[in-house]
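The next block holds one structure in the form of structure tokens; read it before the comments.
By written order: A, B, C, D and E. Residues from 1 in each chain.
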Amino acid sequence: MTPSPRPSPPSPGPLTALPAYDADAPALAVDDLRVEFPAARGRRTSTVVDGASFQVTAGQTLAVVGESGSGKSMTARTALGILPAGAAVRSGSVRVHGVDLLTLDERRLRTVRGRHVAMVFQDALVALNPVIPVGRQIAEVFQVHGRAGRRAAARHAVDLLDRVRIPDAARRAGHYPHQFSGGMRQRVVIAMALALTPQVLIADEPTTALDVTVQAQILALLQELQDEHRLALVLVSHDLAVVAQSADHVAVMYAGQVVESAPGYELYRRPAHPYTRALLDAVPRRGRRGHPLATLPGAPPDPARPADGCRFRPRCPLARAQCATPPPVHNVGAQHTSSCHRWQEVTGS
Amino acid sequence: MTAEPHSTPVLDVRDLVKRHPAGNRPLARRGGHQITAVDGVDLTLRHGETLGLVGESGSGKSSLARLLTAVDRPTSGEITVLGRRLDLLRGRRLREMRRNIQLVFQDPYTSLDPRMTVYDIVREPLLIHREVTPRADHRARVAELLELVGLSPDHASRRPHEFSGGQRQRIGIARALALQPGILVCDEPVSALDVSVQAQIVNLFTALRSELGISYIFIAHDLAVVEHVADRIAVMRRGRIVETGTVADIYDRPQHPYTQELLASSPDLEPALRGRAVPDPGYEWLR
Amino acid sequence: MARFLVRRLLTMIPVVLGTTFIIYAAVYALPGDPVQSLAGPDRAVSPAAAAALRSHYHLDSSLLVQYGHYLSGLLHGDFGIDFGDVPVSSLIAAGWPVTVRLALTTWVIQAVAGTGLGVLAAVRAGRFPDLAVLGGSTLILAVPYFVTAYVAQIVFGDRLGWFPVSGVDAGWPRSYLLPALCLALLGVPEVARLTRAAVLENLGAEFVDTAVAKGAGRIRVLVRHVLRPSLIPIVSMLGLTLGTLLSGTILIEGIFNLPGLGYQTFQGVQQHNGPVVVGISTLLVLTFLFINLVVDVLYVVIDPRIRLD
Amino acid sequence: MTSLLSAPEAASASSALEPVPANGPLRSLLRRPRFVFSAFVVVLLCAVAAGPGFFAGWFGHGDPHACDLDHSGHGPTAGHPFGYDIQGCDLYSNVIHGTRDSLGIGLLTTAVTLVTAVVLGCLAGYFGGLLDLLISRLMDVFFGFPVLIGMIVVLETFSVHSVTSVSLVLALFSWPVLTRIMRSSVLTVRDLDYVVAARELGAGHLRILVRHVIPNAIAPVAVLTSMSIGGVITAEASLTFLGVGLRAPAVSWGVQLNTAQQYFTDHLGLLLFPSLFLSLAVLGFVLLGDCLRDAFDPRLR
Amino acid sequence: GADGVGRAAPGPDGGSFSIGVPAWYVAHLTPGRAGKSSVADAIWTPLTRIDDRGRAVGAVAQSVRSSDLRHWTIELRHGWTFHNGEPVTARSFADAWNAAAYGPNAMPYGYLFSDIQGYTDLNPLKGKPKRTTLSGVRAVDAHTLKVTLSRPLSVFPYTLTSTVFAPMPKTAFKDLAGFDRLPIGNGPYEVAAPGIKPGVQQLTLRRYDGYAGPEGSAARITVKSYQDDATAFTSFQSGAVDVALASGSRLAQARRTDADDVALSTAGGVVYLGFPLWDKRFRDRRVRQAFSLAINRHAVTRSLLQGLASPAAGIAPDTVTGGGQRACADCRYDPTRARRLLSEAGGWHGRLTLWTQADPAMQTVLEAVLNQLRTNLGITSITLEAQPTDQLYPNLSAHKADGPFLLYMGASYPALYAQAQQLFTTGSGTNTTGYRSGTFTSLLDRAAAARTTPRITALTRRAERTALDDLPLAPLYHPVTGAVHGPDLTGVHLDFLGDVQLARISVR
């Protein structure tokens, strides 16, 4: 990777000036987060994030995996205070180095966003403004934080595009999002998030549209930033292989809750929740051609009508009467927790 | 019930080229700079076959998919679908032809009409091609399609923006399946899905292929998934198909350097799983 | 794009010819007798004098002959004369700057106030600013603007003395502000409500969230990421209002006694004076064609996904 | 795994789909005070328009034509809550009776304009090419055409000054604006992915236009339309001013406002009361338009 | 709210002031084109003028004499000059008249010369005129003009009061169009350059010091033109002009607030309801009587017009020589009799359309008339038709109007004769009702041939009575016009047509 002229690392912004700031606290700590779509006309309240907690320290990668629709993106967005219309945070906190973002006023938050905490949205096409050339959209990050003049910002934008492997970056910077392929847009969004080398990066499925070669390069780039700038990365992903490769810690989400949380290798080796196991079993593996893939019967619960007790109960082969009560968080091992009454059976111990 | 698989070509592409105008200033003159997204592609898809299409990001896979389904018009080249020249069809003929070849769009956000409910979206193809399902059965058929892709029929009255990325992608798949097309072109249909739902969709595709003889063009980045579903694989790079072959050929004896690189950079889960404390019980325990 | 422009410019020729002919025909078809209008209300013109007047102004020939006469004059750069034997070209030369100044002043007010209020109403949808804009629009729409103009004249011109009551003696901007404000009132609600709708459409878009996630300030998000992509209908509307302002200032020009084209047109219509009306209208048609061309090109600038040909 | 082979059979087996609530938007609308208010206003105005006699008689004789010059311009008295107009007629019953023609003109003009604009705007924006060229240039002709002459010529040709003719003339000169706006938003919508997707399903142009393009492109036009009802009613006043609008003894708010313009310095009521009703109508329709817009905005539901 | 521009400024030379006038006042300035206006009056002085008692007296003319009322000899005073110093001679008159009457010159007021012999040669119905001069006009010497009329006309000296009969200097004929915009007149005020210019809404008049008549008071007058009367009035209120014409509710308002600075005069004309005699429903006199009796003229003038009009029972008010006669027996309010007469005549059937010109004030009055006809005659289906004058008059002369019409008729000179002649003579272009009466014609012809003013008046009055007995039209009221002016101006008077006399206004 060719080193390119980049803006100096962010000078400590107002975040560090806050009394709650604690450089030693986790870079990002989400605690008991609850997000709802309140009951609207003819519809019941649906709790899409229901008490999710996790944390990530500087220089580390936390992977969030889970069922489609389990609230990963919602959690990620809430962390930056960017909720879709109609959604409301009911409880919980999102702390960046001890500072609770959910209590910051809009002005403070603005200085935090993009600079201390950046985000890669899940869908790259709609995340890009269709009427502004991508180069300018990247350059804007520098401009809003007063980190570079127009010219310099434009130059940095081209550099960033180059770093995310957009061929012919100088010319492409002037193109509009619709002129890019799906994977290229995704890389543009990544470039935008990396622009100011934030302390925390929340990346919502950043590499789904990338072929494996580019994906490897992007992951390497992220790794490099982590090494250099102690970037804390929250990686939402479906690709368990990618997760295995790059995550220090993994949180598994199901129906708005974190059902298992473990260091990367530990999770794969000793899954302690039936859902995690089901996930691992469903991974298509090389050389298994011809076998149907293992699937999980049934459907995830409707967030508007949550089952009481364990959410996974209706689909769980191990479900017993006891599962009708909400499972506590069990310590399975070092930094390894599981919310399953019967985790021991799952781990086989 | 299916014809002899892998014999008759249902889709045949000759020397397909697609260029996009690439002026970055809207007022720039026509005929200025162009991006060649698809650059002389030859391709054959046989009955009941799944052709995996892999390649570099930006190599023209989506462009090709859009050409194959007549969403875009090729700059030059021929596309023959079920013996008819798709690129020459117009008007009603083309519309009828579309019943046989469907596309699952890469972008699940923009390809769903924001003002329609999921029910209306999935039902729309049935209304367009009335011969497929009698009107009275539409409701049941939509419910069934939603269930097939792992969505709850309760979702039918919601609108696209109320769904997560993976859920939207499945809506798109349900819509494409509604017509039971002979050819399904899927542009990264499972990339936004978690592995368990992905497995469900992949199994669905496989089942449909054997039951209905649907032929697929399956674009994906996850080589494991491609290996799982595809009979043959085409590797694209910079608008061209650089290598085609059976799954075994490509995976075990890749010829083109890019294919080799691709396989080499594919992240592998095996090392992580290797040390599993619990011996892999297979999936039976879930049954 | 070049081809598009050339084609557009070429199609303008038949449009201009067609329009001038239709207008000429319409003036010709206007009921009533031009000679009578020359004589004044309570007088009657003797048939002989009427005939003399008719032949002097070519009113006695058929429509086609009259139009042909007009066109051939036009080819020599002669726009014809009005019934006071003043060349139409000098009428236009005198009135055009006034009308343009008035129209542009109005237009700027409309554009700025309209979009500003519209954005405000959208951002605060359902709350006080939105309701205030709604209420204001309702009131404005419910009082004919000529009434508003008279009231404004009396209040701001006479009682408060902030602006001259009428005329253009005080020059731009003093003389033009009051009429422009009155005229702008007509368009501000439209532009504001249109902006509100367009902005609401984009306010929840994902790329707006992206901009917020970048840490962009409120104004920046609103202007660049919400307003910018919403501009298509707004720009269309503003293009149209600029055109209609140029042609639609008759009443306001009358009330504020501005010597613009509106008054000339009105007189031309009253006197059935083909050359005057057609001369002015041709200018307006050309302006409209030009504005619409610019707006069409702007579509592509605003939204690069739009294809024009 | 359910079989896809026998769709009907499978259908009966599959779980029933929760019925999509019919009139979904309507039901949710009914819960909003704004909608209820605006619907009430509009319905009330329509009722007044349909049977002015019933409402006019509430306070006094209720005959708009019973006039006594001796009362010219007098203020409110018992039985005459709004006072008298310049002709010494009861202003209240005049305003009430004016509802029919004013609302008639407002609604008819707006309806004709809207339909024309949507149809032509779609044709021009969606199909483009020659059709766009023809429609756009036709609009240019109308834009440059002095409206004044146009209205006089056309109205004199009709030579009846009825609600219908006045409405048609107003519509004739107001369709191009809406059409152009419609065209512009159709232009932005027509190449969006979901429209392309519908085309790819094999949908015909009509279906694409009706189901996808129009619903997503109509918002600006709908907004302008809901306002134009008020605008048209006042425009009728200008027509009357030019001598080509409705004529006495027709009573309309436009006619009343036009008269008021001469006398409002002395008799504010002449301006106030018709304007009040007009405001109410404008407010009703604008709010109604807003609510409908909200009801069909996917994000706000 | 004054910005000083229009403020009256006193000065040793007489000072200056400004006046707001309707735009058509300054649309044209040549005699044959300008028509009657206070601006034209300031620039031009014709042969005769109307004195304060309403008589025609000499202006440029020393005497206007005739033995047979057909052949007239006009002696000019000495010492009159145009503003460029050129002497005003008989030639100046002859040339000006020829130019005005010559058809191809297309002067709108050329028809006023139609009583002069040779007019038809200059205005043939077909083809180009063979002559360019009126055979009836001859400049005998520098100060004698001989005029031959096509018929005896006792009121000829009155007709000469119109500025249309003013002289023009030699330079005028080189470029009539240019002269129209910057004329060289012979009146008390000269037009300062650049005259009328498109886009410039004001005209400066400078006192002409070589004027042979009574000199103008103010040294300078700024004439500002207004497209809208209401604006002129508001501008006056804000101080932008010192004098403005006013009518209707604005005049009433001004009269209520500062009555001292308002000048009023009853205009020398009449607003009447004419009947379409060509329509058989109006052939019966009783129907016309019924209509006339059903209209409450007092209510209209008092309530609707706020006293700014006087009910009419004749065709001219008393400000006009011979006017003020109660000539019309049916011009009163008697609804009972009206109803009876109508039912005697067979009642009313079908629709009734009332016509008038597209003018807000007239429409308001006609609406009141409509209401009264409905109430008092029980005619329910009545509509109102307002047309621009250029449509209305042709429609009337083509007998296309199918109902009574409300119109204003102003005397072209302040004599009852003028009104009677315009309204009732057969073939007169302004005889809108199509009235024909042998008795009336012979009476009016006798008046035209009468020698003395009392005799003319008496005969004209008899003619008026005859005509109004037949009731082809029902006079309704004589409008009052007015002018408002600032407190520092004196001498603001209105003449018989409601125009201010600029030369008489002085600045304190």
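Basically, a contact is a pair of C-beta atoms (placed from the backbone, for glycine too) under 8 Å apart; a residue touches a chain by one contact, two chains touch by 3 or more.
It should be emphasised that the depicted structure is a prediction, and the values quoted were computed from it without experimental measurement.
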item: Where chain C and chain E overlap in contact partners, by chain label; value: D
item: Chain located farthest away, centre of chain B as origin (C-alpha); value: E
item: Intercentroid distance (Cα basis), chain D paired with chain B, Å; value: 46
item: Geometric centre distance via CA averages, chain E-chain B, whole Å; value: 89
item: Chain A-chain B separation of Cα centroids, rounded to whole Å; value: 27
item: Residues within chain A bordering two or more other chains; value: 84-85, 123, 126, 176
item: Of all residues in chain E, the ones touching two or more other chains; value: 387-388
item: Contacts with 2+ other chains: residues of chain D; value: 21, 24, 241, 258, 265, 299, 301
item: Complex contact set, residues of chain D against chain E; value: 65-67, 69-73, 86-89, 241-243, 247-249, 258-259, 262-263, 265-266
item: Of all residues in chain A, those that touch chain B in their complex; value: 65-70, 72-73, 84, 122-123, 125-126, 133, 167, 171, 174-176, 179-184, 186-187, 205, 208-216, 238-242, 244-245, 264-265, 268-271, 277-289, 292-297, 299, 302, 317, 347-349
item: Touch list for chain D against partner chain B, complex; value: 1-5, 7-8, 10-12, 14-21, 24, 192-204, 207, 211-212, 215-216, 296, 298-299, 301
item: Interface residues, chain E side, partner chain D - complex; value: 248-249, 252-253, 296, 299-300, 303-304, 358, 360-361, 363-364, 366-368, 370-372, 374-375, 382-388
item: Contact set on chain A toward chain C in their complex; value: 77, 80, 82, 84-85, 106, 110-115, 118-119, 121, 123, 126-132, 140-141, 144-145, 176, 178, 189, 192
